[in-house]
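Let me begin by presenting the structure, written as structure tokens, before commenting on it.
Every chain is named by a letter (A, B, C and D) in the order it is written, and numbering of its residues begins at 1.
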Amino acid sequence: MNIFKGIIAYPITPFDREEKIDLPLFKTLLERLVQSGANGIAPLGSTGVLPYLNDAEKEAVTEAALQQVNKRLPVLVGVSCLTTERTLYHAKFAEKAGAAAVMVIPASYWKLTDEEIFRHYEKIAAGISIPIMAYNNPATGGIDMSPALLKRLLQIPNVTMIKESTGDVQRMHYLRRELGDDVEFFNGSNPLALAAFAAGAKGWCTAAPNLIPDLNNQLYAAITRNKLDTARTLFYRQQELLQFISGKGLPRTIQAGLQIQGIESGYLRSPLQPLGTEDDGRLRDILAALGN
Amino acid sequence: MNIFKGIIAYPITPFDREEKIDLPLFKTLLERLVQSGANGIAPLGSTGVLPYLNDAEKEAVTEAALQQVNKRLPVLVGVSCLTTERTLYHAKFAEKAGAAAVMVIPASYWKLTDEEIFRHYEKIAAGISIPIMAYNNPATGGIDMSPALLKRLLQIPNVTMIKESTGDVQRMHYLRRELGDDVEFFNGSNPLALAAFAAGAKGWCTAAPNLIPDLNNQLYAAITRNKLDTARTLFYRQQELLQFISGKGLPRTIQAGLQIQGIESGYLRSPLQPLGTEDDGRLRDILAALGN
Amino acid sequence: MNIFKGIIAYPITPFDREEKIDLPLFKTLLERLVQSGANGIAPLGSTGVLPYLNDAEKEAVTEAALQQVNKRLPVLVGVSCLTTERTLYHAKFAEKAGAAAVMVIPASYWKLTDEEIFRHYEKIAAGISIPIMAYNNPATGGIDMSPALLKRLLQIPNVTMIKESTGDVQRMHYLRRELGDDVEFFNGSNPLALAAFAAGAKGWCTAAPNLIPDLNNQLYAAITRNKLDTARTLFYRQQELLQFISGKGLPRTIQAGLQIQGIESGYLRSPLQPLGTEDDGRLRDILAALGN
Amino acid sequence: MNIFKGIIAYPITPFDREEKIDLPLFKTLLERLVQSGANGIAPLGSTGVLPYLNDAEKEAVTEAALQQVNKRLPVLVGVSCLTTERTLYHAKFAEKAGAAAVMVIPASYWKLTDEEIFRHYEKIAAGISIPIMAYNNPATGGIDMSPALLKRLLQIPNVTMIKESTGDVQRMHYLRRELGDDVEFFNGSNPLALAAFAAGAKGWCTAAPNLIPDLNNQLYAAITRNKLDTARTLFYRQQELLQFISGKGLPRTIQAGLQIQGIESGYLRSPLQPLGTEDDGRLRDILAALGN
């Protein structure tokens, strides 16, 4: 009944030296994620630098992702834009291309009122038939949707999932208490993985499977088997990496981490720049300690 | 020697019912500002909802603004985009169209490092000959540039001006103390107008002249004449309005305020929605108390 | 080897109508906690309004507590004062009276440097032989000790335990990762009970056993039996109460909750006032829903 | 009609090597302030480490201060305690000793509701005949009184003055707009001195006259003579020192600054420790640059 659960893996969007999207490389990296054991794939997320792409690029990545995954796993496509009109446009495009659901963060310049946010979701939801995951991430999107507003968004028929990335487990407690055991909330804060699963999160939206898929999958497996001790041990093994990639920014750290592991990962688009030497060294140490 | 000083007026970008830009109305509203006594004009600012426009729209508004102002006043054009490449593109366009300077906020999704921000400004500055005003507004742009970083940006030859919109007067004290009396910092926080002028701000970047140009101009005149008492009295007359338009969002409040004063101001682009009834009533009261 | 683990119960300090401490009532309420199944007792905590008592009162409560518990459970006595001298004085008094350990929060008026805090703990530790629990609670104490400082405090021989009350589970992750599985960190944030136990907290410092001891004890039991599902269910049963007592202040809510349950709980000392009618009604509803 | 205006100078409370109050030294330092040209004297403020003293010490300092000032200037005595009862006690003591007014900050451990704060002030006000200055300083006291609450406190007959130390000039704008030109608000944030006077503050509560009385007095004189340019120049001369003493803590920096200037200033009471070597050196440089 739930489309998504467990590990939902986020690919980066790699660029070439001229900062053009490298679609063949994107497909290669996506294929790694599909084969890593993830339960879902989410292109054009924050990790996939959605807001830095133009319309044509978003369409190309959407199509490439769905083509490559080829129904082996459900695909969640990020479609957020600043205007309602453009968000709806890309939501429709993703639906047509075969996405299982779309993810929408109320990307902001001006702070939006709750009413504006509700209408934004309502209009997008009315234009498509697939489910919407409402995504709260004030650190990137600039708007903090309260748990009460998120609860209200779930009244819109095809807004069926919440992705909470504030890192505040109390938001999850609120949703679960107010909406019952079946509420589909997902965790988007890597360092909160253990606490969120303990709180009943249905899944973990994460770029970490680009680097440490086995540890991510094993943590989820321990949770589903109700083994708290095992889950705790597994979590602490990966905790430093999760903290690092969250703290230093996912596009930069995943790109660097892949390279450290000998996997081609392309270039970033300016103003984003590669990790500096010191951070790169630290990431190298963390990965080495994990045997990667 | 300084291009900008005093009151730098920010027009809204009006839309029609279908949420397309209404260029003729834009020119009409711009003409009001030019004739209001402002010392400069700044299209495509936050008030002008720059981030909600596509490339073609930004170009059309830039050209319309420069054509309409027709060298009567210096024009400062907002050109910020998430990517360095697009920002540079629009900066070049503005220069060619006749802008006196461009304004650049490091619009963000991912938090940028100081190094990334510096390189962003450096690349843009290298591609144009006109001055850049570095614009700090974490509440909208999502990135907070420290006073130390702003000081560093002023080392780039054509980054010559700072617009500080945090509302924290201590940032201005820092810049003035570190860089001397001649440092060109501008205030972008309406409720800080008096404190910023007291601190030595060269000008006030504001949308208020759309509604109360005389009060704005008189405040600046009192400051230039060194009359603190008069400035204080004038400031407190307009303080409630300044607080209101900042608190409720400039595009919404300026659009509503113009309408209240019987001036056609078009529509907003979604997700932005008109002021609600209660706020509209309060704005009506504030303007009425000012005799508007 | 560990003195404290599991549920460490915090009594209130009840007053009479004239706002004098009601010691007989204090002992009665303490006895309820001892018999509730708690694993430890902590008089003169935040719940016990330590900072609102004078020296003689602190001594009287310390003696009354140790006399009443009479070695049936380990007793943790709060001894924090603003000055180092007074804190040491009360620490010595508690040791002499038979406390198993003392709890010290760096109560603050002026923000203290890390060096000042370290020396404060060092001097107190040097003057007593029993262990110290370093208590971090910026919301009440006004100083936020970083995880790195807490780690450093554990270098002082008899600073052996950390009580973390920020409600930020990442602080616990840091301590556990840096100091290993044996690090004795305790959770002092009621709404974080589940996440903290999941993260490996040795115990839960809480006033909740005054009202719902069985739910508290069962949650800890589920954790020790490694039953995450059961723990989650038990946590969500009590979550609303935990949120409420934290949000509205422990002295007020425990005093009111006891009264609602028909248990005499005395009066508060001004400026603290009883819960207002609305909050009292909400607490009544929450307790009723729990069958209390 | 107003008792206080202009520069209200705050003495430190000096201790001897054994951390006992050095009353003779206190009187000597107080005398310097009286002769420095200040408009009022405020013992037992934050600078005077009020919360670190016991009852007898507070009384001794109060009497010593009033005796030494001997009606040459109005004296404002800090009397805040955590409990209402103790605050009232010391307020009465100060009145009897000859204080012109008392200063009350709602010193907190548990966050107080607005109702609790209002009743606290009401009870204290009812017990004395002299005016009360309500003091808002969340950074030290732990409670942030909103401008609306401060406005409400002014309804209590002998709560006649507000001391605002948040450093947020908008709070002052609110008070002035809501309560008119005559509202007696004082600034307690040193780095805000210029902005607060520009906003209409009646006075500046400051420890700076211990170190740079002439610059402080001249700034106030420029304001009263309506000379904004002169005020700005004088402010920027002292701005770095004001920032430094606020940032590093008034008791530490004033004690060190006096010593640097060759004036005996005693010792601090633990946990407060002297400025470290690096900060001491920086303070030396700042004072030297001012010719001190």
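Rule of thumb we're sticking to: contacts are C-beta pairs under 8 Å (C-beta built on N, C-alpha and C of every residue); 3 or more make two chains touch, one makes a residue touch a chain.
These figures come from a predicted structure and were not determined experimentally.
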item: Any chain in contact with chain A as well as chain B; value: none
item: Most distant chain from chain B, judged by the mean position of its C-alpha atoms; value: C
item: Where chain B and chain C are represented by their mean Cα positions, the distance between them in whole Å; value: 51
item: Where chain A and chain C are represented by their mean Cα positions, the distance between them in whole Å; value: 38
item: Set of chain A residues in contact with two or more other chains; value: none
item: Pairs of chains in contact (touch as defined earlier), listed by label; value: A-B, A-C, B-D, C-D
item: Chain D - residues contacting chain C, complex; value: 19, 46, 49-52, 82-85, 106-107, 109-113, 115-117, 119-120, 123, 139-142, 249-251, 269-273, 276
item: Chain A partner contacts - residues on chain C that touch it in the complex; value: 167, 169-170, 173, 176-177, 191-192, 194-195, 198-200, 223, 226-229, 231-232, 236, 239-240, 243
